[in-house]
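The following block contains the structure, expressed as structure tokens.
As written, the chains take the letters A, B, C and D, and residue 1 is the first residue of each chain.
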Amino acid sequence: MLSLSKTRIAAVSTAVIAFAVTGGNALAQKKYDTGATDAEIKIGNIMPYSGPASAYGVIGKVQEAYFNKINAEGGINGRKIKFISYDDGYSPPKAVEQARKLVESDEVLFVFNPLGTPSNSAIQKYMNAKKVPQLFVATGATKWNDPKDFPWTMGWQPNYQSEGRIYAKYLMKERPNGKIAILYQNDDYGKDLLKGLKDGLGAKGASMIALEESYEVSEPTIDSHIVKAKATGADVFVSITTPKFGAQSIKKVAEIGWKPLFILNNVAASIGSVMKPAGFENGQDIVSANYAKDATDPQWANDPGMKNFDAFLQKYIPEANRTDGSVMFGYNTAQTMAIVLKAAGDNLTRENMMKQAANLKDIQLEGLLPGIKLNTSATDFAPIEQLQLMKFKGDKWELFGDVLSGEAGG
Amino acid sequence: MTTAHETATAAPATGKAAAAAAPSMNVARAASLITLALLLLAPLFLKNFYIFQMTQWLIYAIALLALNILTGGSGQFSLGQSAFYAVGAYTAAVMMEIMGVNYVLTLPAAGLICFVFGFLFGLPALRLSGIYLALATFALAVAMPQVLKLHFFEHWTGGVQGLVIIKPDPPEFIKTIGVKMSQDMWLYYFTLVVGIGIYIASVNLLASRSGRAMMAIRDNQIAAAAMGVDVPLYKTLAFGISAGITGVAGALGAIAVAFVAPDSYTIQLAIALFLGMVIGGVGWLPGSLAGAAFMVFVPNIAESISKGLSGAIFGVILIIIIFLVPHGARQIAYMAQHLIGKIGKSS
Amino acid sequence: MELFVNQVLAGISTGAIYACMALAVVMIYQAIDHLNFAQGEMAMFSTFIAYQLMQWGVPYWWTFPLTLIISFAGGIAIERALFKPLGNAPVLVHVAGFIALFAILNSVAGLTWDWTIKQFPTPFGNAPFLGSQLISTHQAGMIGITFILLILLFVFFRFTRVGLAMRAAAALPESAKLVGINVSWMIALGWGMASGIGAIAGILIAPVVFLEPNMMGGVLVYGFASAVLGGLTSPFGAVMGGFLVGVFENLVGTYIPGVGNELKLPIALALIVTVLVLKPGGLFGRAYVQRV
Amino acid sequence: MSTMLAIKELRSYYGQVQALHGLELSIREGAVTTLLGANGAGKTTTIRAVCNMVRSTGSIEFEGKSLMGRPTESIVQYGIAHVPQGRGTFTTMTVEENLQLGAITRKDIKAIGADIEKMYAYFPVLKQRHTQQAGTLSGGEQQMLAVARALMLRPRLMLLDEPSFGLAPLVVRDLFGILRKINQEDKVTILVVEQNAQLALELAETAFVIETGRIVMSGDAKEIANNEDIRKSYLGY
């Protein structure tokens, strides 16, 4: 029986060895399900390499590079990783086709980090019926933490509702009599975060909301929404936007001379790909929250974890743009996967994969903020539940307050 | 002058095809029989995943058939088929999941609702032609996902999250006659039967009085009107029939994938359907199978060559195809017929 | 009332984006009698070329003409390499060609410059224009350039022999050949000009929406809608169409209760279709006459 | 007078269908020649072949230079103006723009203005309407515009395809009068393809009769007009 001990890794050169075996017979005989042999472990993955969300395709490429690194360094427990990643073009029907191809044709052990709420929703039932793990899905929807109904599906990043609640808490404290204007993307992600925010504000907070305005991804600019938000006389502006629209909202708010308390969601908090293009001078004092280190934030320049990250990029995927938050995301998720695989030892069954994934105890990753830990249990399928608030000062984010948990969805 | 010239150049092409079709009717018949046999037998030897892929292929072929009836049959151009496909899919999903209706019954319902929707859309479309109609249908395709996630309908449609559908099992009688059949295989044969039914109906439609009326409109609208064809009626009818069949395909697609969401039915799908029609050969119903194969498999080929450039490779493959055979699979079939005819004569 | 004025002003500034693109759409329509679905991606690619030149240290005012020349040549090259060989193939095949071009440009731009947004400089600055914070100097500059382009195009088509020849080639290729016009090169020239105007549109739009491979996706839909609303045969109509769509869309979003904001694009499109049904040539275009 | 245009062994095809079967025809410089025949006999095809608008084999020589295989738009460089069937009017453009288009290949830009005035003198009605869209003109006016547009090239040979088609008899008389004037005063050689044989024979000096893609008769226009047998069997009047 394997389990992960409480381990702190601050500056481990190879992140993978971040676990220890405590008791149990680790040397149990080898057990394999489809997709695992003495020589290799087949991992499936689905990414939108083409189509409207192709910006996220880089995640799959970084993950592939990371598994190449592991293989170059001897693999995990002597086994090489075979990472099979398919394109679904962000189309749910295609995701179903690709998931089935992975499971039935390529016969992977499990599917790791498939991206997008619609795609994951489409394959969730199938994966659970087939009893193939759908591990660490790349979406922040709250519904992935449902071990009772979907014991084969697990999230990874903090869910959007938790993030929304954290902002709500902060607002109730900072501006108890504030007037809030919210701009959100009209899709699963925007609505989920909005729900967390509204739940967090509660009955009292509901009266604080002056405007809930949605925008569509197909809109070239969101300027008119911001004009409308300002016209409500709000003194708090919450921007639930993806990077491009986040940058637009920062710029436009500054341009029209509006000075609200500006809350920008984590999705758009990258310095390199949002704050800088939007102009640092426009982004001062914006509040956001994060769980991962921003590779473009100068405060991590000498951080050992960041140095490892850079060394990895340089050696295995030099073409990746480190200012892109997705690159760090791919790195962190791949590391998490490696940790779980290592912990699984020679018991490479699908059941054990879920068991190990649900047995993360206070794991820290090089790319996560200090104090953010991965924790899971048989009843908790949400590995990262914490975020830390931060405020933009000069050219970097200043973290403040404690590491917070939104406690949404279990 | 111009119109006369256009019809003059268009006419030999169709005339040629017709002339070629007569002597090599047997070739065509043999080809259809072989295709049918393959369609019937292939699943018995394939893994479930491939059966699923074939089901997808058949479903897209049905949708392409519908588009062919519209563009090939009545000369109207649509970049908005994804909208009808979506309505059909959601009809099936809502009926099955919210109202608990049997999946078989959702198909006629989807067909009917889409027929009405298409017919109504065809009314304003009557006043538009060429590029304007393309734009209007394009607008419909762009607007549809936004309508689907509208908060008013959320109770039924599941809003941005979509709806998960329970995949149907093979009916009891299959078990009682002692055949073990997977859900995938059952759905495949179910789709095949529906598809063949629609194909036969479509062929008969195009050969009927109404079909000839529609094609007269395609060739020369004013001449058709002068001949006494009720142009507005047949144009809207073509839209309605095309939308109805597309709706059935959408419903089948929803059942096969067991999930509907606004993101499943974006403009990307409309464009893919349009390309499928061009690749298959505009107005040639059997070409729908070739076009659907393009839709299902070419993206996979592109991605297997390069992940980072899959879009570009897809584009290059597409360009190569339209350079080599601008008339699509129809042209290949014509050349093959020609070749077989020659061999037949010389031996 | 203040909200109304604000939304109209914001609509005008967004409309400037649409107007710019609509002008490029009309340009290609004049040349090939069709809409080019890859036009937005061509504009995006041109803008990336400008970005790359600046990254290499070329000053902005040199970048601008250089990008124009490269785009112009690129447009001609695309026509010669891709669409001339398709020659007499049916129109639908050409549309498939546009889609292929779209996929290629988008994908290559994504691989070359990746998908993160890039800041693109503006020569006009971002200060409030004439004291109104709703229209920045950049947007005012953009409107200005759009109108200058419009006038230049008007003069070109109305008063130059090449412009006259281009119009003739687009209107009646057969007759144009009989008076000695090289229709094939006129089409290529149209592609070049459309590509150049697209480059200007891209360079003007990028500072507002930020440069990235998908930046023109939404803009093109609006550009088409604007051009069609104003009349595909009328550059002036297209520009007006751009402003109308921009303003109109904002007013729908602000004043139609319940669904206005969620459905502002569908409602705007539905209205455009309605306009077309009533006035098939667009608001400012010539009526479409069919002769037997 | 020397031969200006010589057509030999001309075979033309529309797709698989052959429209001309070894046609032979020659035109003398300075003359008005007419090509007569019934609908579908190949009249239009013949002059379309001269401008390379239809796939053909054989030989077409203009003043000793072969025209075969030359792109349509380069034919005007030889001074050949073609007034197509249906007039080819640029309906969305103004009358004056149409005239300018006729001279679009000319290098002597300065002289164009004077030529436009000359056309207005020939066809005063065009002057009245010079800013109007050409599509708003009547059929006869459009035909005049088409002839004027062709003359703007300062052609040496003008090919006219059924100029009388759809026009009132009086208008046709006017038009043919002007054609005669152009031939005599401006020394423009003219080939006119006509179904209206009677009129064409009055205008022309030489006539050719075409039937199913072959020349079946040629000779002096007056003689043909006076020969009742020919008129009855070939020209139908």
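Assume contacts are C-beta pairs under 8 Å (C-beta built on N, C-alpha and C of every residue); 3 or more make two chains touch, one makes a residue touch a chain.
Because the structure is predicted, anything quoted here is derived from the model rather than measured.
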If we define chain centres by averaging CA atoms, which chain lands farthest from chain D? Would you check? A
Most contacts: which chain pair? B-C
Where the CA atoms of chain A average out and where those of chain B average out, how many Å apart are those spots? 39
Taking each chain's centre as the mean of its CA atoms, how far is chain A from chain C in angstrom? 37
Take the average of all CA coordinates in chain B, do the same for chain C, and state the distance between these two points in whole angstrom. 32
When the centre of a chain is set as the mean of its C-alpha atoms, what distance in Å lies between chain B and chain D? 50
Identify all positions of chain C at which a residue touches two or more other chains, and write them in rising order. 103, 107, 110, 172, 174, 221, 262, 265
Residues of chain B touching at least two other chains: 1, 142, 146, 308, 310-311, 314
The positions of chain D in contact with two or more other chains are 84, 88
Listed in rising order, the residues of chain C that touch chain A in the complex are 2-3, 6-7, 9-11, 13-14, 17-18, 103, 107, 110, 114-119, 126, 128, 133-134, 136, 205, 208-210, 212-215, 217-219, 221-222, 249-250, 253-254, 261-262, 265
Residues of chain C touching chain D in the complex: 161, 164-165, 167-168, 171-172, 174-183, 233, 286, 289
Can you name the residues of chain C that touch chain B in the complex? 29, 34-35, 82, 85-86, 89-90, 92-93, 95-97, 99-104, 106-108, 110-111, 172, 174, 221, 224-225, 228, 232, 258-259, 262-263, 265-266, 269-270, 272-274, 276-277, 280, 288, 290-292
Can you list the residues on chain B that touch chain A in the complex? 47-50, 52-53, 56, 142, 146, 149, 159-162, 164, 253, 257-259, 261-264, 266, 268-269, 296, 299, 302-303, 307-308, 310-311, 314
Touching residues of chain B toward chain C in the complex: what are they? 1-3, 5, 71, 77, 124, 127-129, 131-132, 134-136, 138-140, 142-143, 146-147, 150-152, 222-223, 271, 274-275, 277-279, 282, 308-316, 318-319, 322-323, 326-327
